[in-house]
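The data blocks that follow each hold one structure.
There are two complexes below, and they share subunit A, which is joined by subunit B in the first and by subunit C in the second.
Showing the complex of A and B:
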């Protein structure tokens, strides 16, 4: 039991990793990117291609893929989201949904229906584990992912609160027009925020590929995980996302214990229960649940 | 005096002709199985189902401002309840409609909860509901997980009776659902619906019951999509949860409505027709067809967010199945053409309708 809880918490690290880009983009641009999961899978496929075709191990491959994801994020904001956000709150949903369909099916066209994994390219890391007191075995990879999530969330938090660029992104998220008046280039801030979000997505995609298998249509599931973790974590700091991820993973673990097919059901039910409680105990439902107040100062 | 003041009109000559035309088309469709091959009758049934899906998604998104990516939940449930009812001994054709009523009833409690979410949260929230429902349906022993099951009791009818009955049921359902939607949009609820679409807060401030109106659209859309799911089950007989609860269905709905014209009554029908033709011509190209659908939806949302019909309507002031009012200015020196209100005025009056 203790073992499962530990595994669940570590899995929560992965969910936090994939969720933080989604909630970051939402908190800055008020856009939920429905192509979020598909872009993570795209990154996983890119790493897989580098590893299998050009023999570049995934951890080195990140040096190529992450900058590429940043460029994708920047372009996404400049050419798609910025334009569609002008048409109201509903259009970006449709635009990014269309994008998700294009990415999924392009991947299918290119790579076929086979499920892939990056595990064969990371040597013994995929199965190595440490023994903790109480004969709990924890996978080294799971610990690395969890640590990466904590570092990333902490780094993002520091970046947003301590650097000028981070402050201008926060100012834009509060009120783009007023931010513009005091000399913040809102377009630039948004594009940079999108680029950062996509780097986290790329990293999440890499870990998805290392710890499990993926196929061209795996993006939808990842999007749902990211969304659920972000909403469960809710309106707190970025650390809320980590807690959201852990709660989601523990609920899935519990679900799997109750019924063989209960893993996903457990996660979805936990999400709905949290949503239900949140909606009926506060007025948050009308103001947006994903809203991250990144600056606690005010 | 009366010549100098603007007159308010509901329809135009074109819309009256269109009304007659619609009746003629429906009558023609009703008798056309006489002349069509079996395959063509099946295809037409598919078209009717597409029109239902497009019109219902449009009712929700275009008029209620609620973009859902989880509408496949009602499609799947429509089929699932039909299977369940038929298995319990109800006549299969009757169970198709009882099933849709149940779907409508189920959507009510869901709406209590989901309608408190906004925009993207509502969109993915519905997707989570769809995913969860899919998993729960898989747990039903009768369905045998992803293996699925069939609507076997439909086999007591011979193939041609079955085909014709489903054709007429689909035609009748489509006509009835479109008529309900049309009536709703033309009535006082319609004014409320368009007020909400244009500005929810402003609508609420002048006393429009925002949540109640949205709930009505949500339940109607669920019911309509439930009908479509049940009819789809009747045409294909087999029920595999994966096929019915697939997000692809919502992708199709979005495509049809975006291309046709979101928020216009005629646009959804036009979109369904175009989607049907595209599927007929390019459906065989498999994955490229899907890439094309996604790309088209993307391009339309960026460049032509009003869709084909919305753009035409704006440019030429076309009004076939008019659900709003429009102001016709009296003939005068400032408006020498007199007869036709300019597109700009038409648009303005439509927004205020």
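Showing the complex of A and C:
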């Protein structure tokens, strides 16, 4: 049992990493980026391309891919999301849904349907492990991913609270009109936030490729995990995202222990339970929840 | 030369014309009181000067530069700062963080967090408190301090006494007195006529989006202001003066 808990916590680090960008974009720009998973897979493919064609190991490849992802994030915000956000709350969701389809199919056209992995390019790191007391084996890569998640979330927290640019991003997320009145360029702050979110997506994509296999259509599953972790942790809260990731992973791990097919179901159940508790405690009450579930919400 | 010239400014809220072709000048160092009943267009006029509301026509010329089409954050960079109605603080941030945001425009000057805390001593013990947890007076002081942190040439104060007890209003104005005397150019929207006339050099009374009365605060009579405020002069003269 202890082994499952440790593995669940470590897996939670990966989920926190992939949920971080989704949560960040939602909290700053109020945009639910449905292309989030596809962009992570795009990053994984970019690293795979660098490793297989140009023999650049994935960890070095990050030096090329992460700045590229930042530029993609900045351009996406400036030329696509910012414009679609003017059309109301629904339009950015449809836009990013369309973007996900475009990315998935472009990857399919370019790389075919074969599954790939970055594991062959990182030596024995993908399967090396340490033995802890009590015959608990922890993967070195899983520990690296967990530490990377904690460092990234901590770094983001420090950036947002201790720097002028971070304060500008927080002010923009809280009230963009008033941010303008105190001299903050809200468009610039949003574009920078999108660039940061895409860097975290790029990193998550790299670890996705190292710890598992991926194919052009793997983005939807990653989006689902990111969404569940973000909602469990409270969308917009950085450390909440880590807790959300850990809760999701623990539920999945414990679900798999109960039944071989319980991995995904365990996570979905945890997500739904937290969602209902949040809705219930938000003042909706039991009657409101019932009306919502029967489609009679006013 | 005027620091600010408002020329035939028209501002709309949808179909409603809130400001109807207003023109006036403010010289450097002057304090102008904008008075008028609710819905007269005072707040809309201030927001249009600050760039928070687009003008339908007319011009706002600041320090010789036409501000038409210039976004609000650029106007702060040029030296225009607004203390908005309702304070509009970033409630998730601390007092200090709110003040530091005022520096976003990157304008150099004397104002610092320490100087704001000296000007508004009630903020000193609340420096690390979240803005959402402050009293009304503390919130107003933070909002004014945040605007001052951008070292503005023109400070726009929109109803700083709104929702505050008379005692707190006295404290806020006592803190503002030093500012008014320091040569900072100020446009002040105030519902309290006596206070508006006592702190300003010039007064403009607005009525239904137009200027009903403009004059020197020290020479304009209380009776004239009251008539303009309630539109009584219009009934007597048969129309609103342009």
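The rule is simple: the second predicted complex is superposed on the first by the 279 of 298 C-alpha atoms of A that agree within 3 Å, B and C clash if a C-alpha of one lies under 4 Å from a C-alpha of the other, contacts with A are read in each partner's own complex, and residues count from 1 in each chain.
Just so we're on the same page, a residue touches a chain if its C-beta (ideal position, glycine included) is under 8 Å from a C-beta of that chain, and two chains touch if they have at least 3 such contacts.
Owing to the predicted nature of the structure, the values given are computational and were not obtained by experimental measurement.
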Margin query: After the superposition on A, what does A:183 contact: first (subunit B), second (subunit C), both or neither?
Written below: second
Next item on the list: Please work out whether A:93 is in contact with subunit B alone, subunit C alone, both, or neither, and reply first, second, both or neither.
Entry: first
Notebook entry, point to check: Just subunit B (first), just subunit C (second), both, or neither: which does A:51 touch?
Noted result: neither
Next item on the list: Between subunit B and subunit C, pick out the one touching the greater number of residues of subunit A.
Entry: B
Note to self: Looking at A:105, would you say it contacts subunit B, subunit C, both, or neither? Reply first, second, both or neither.
What the structure shows: first
Margin query: Just to be sure I read the superposition right, which of the two partners does A:229 touch: subunit B = first, subunit C = second, or both, or neither?
Written below: neither
Margin query: Touch test for A:164: subunit B only (first), subunit C only (second), both, or neither?
Written below: second
Next item on the list: Quick one: classify A:118 as touching subunit B (first), subunit C (second), both or neither.
Entry: neither
Next item on the list: Take the contacts of subunit A with subunit B and those with subunit C, and give the residues found in both.
Entry: none
Notebook entry, point to check: Can you list the residues on subunit C that touch subunit A in the complex?
Noted result: 50-52, 71-73, 76-77, 81-82, 84, 88, 90-93, 97, 100-107, 146-147, 150
Notebook entry, point to check: Hey, which residues of subunit A end up touching subunit C in the complex?
Noted result: 164, 167-168, 170-171, 174-175, 177-186
Next item on the list: Enumerate the contact residues on subunit A facing subunit B in the complex.
Entry: 26, 31-32, 34, 80, 83-84, 87, 89-95, 97-102, 104-106, 108-109, 220, 223-224, 227-228, 231, 259, 261, 264-265, 268-269, 271-272, 275-276, 279, 285-286, 288-290
Notebook entry, point to check: Quick one: in the complex, what on subunit B touches subunit A?
Noted result: 61, 65, 67, 69, 113, 116-121, 123-125, 127-129, 131-132, 135-136, 138-139, 247, 251, 254, 258, 287-288, 290-291, 293-298, 301-302, 305
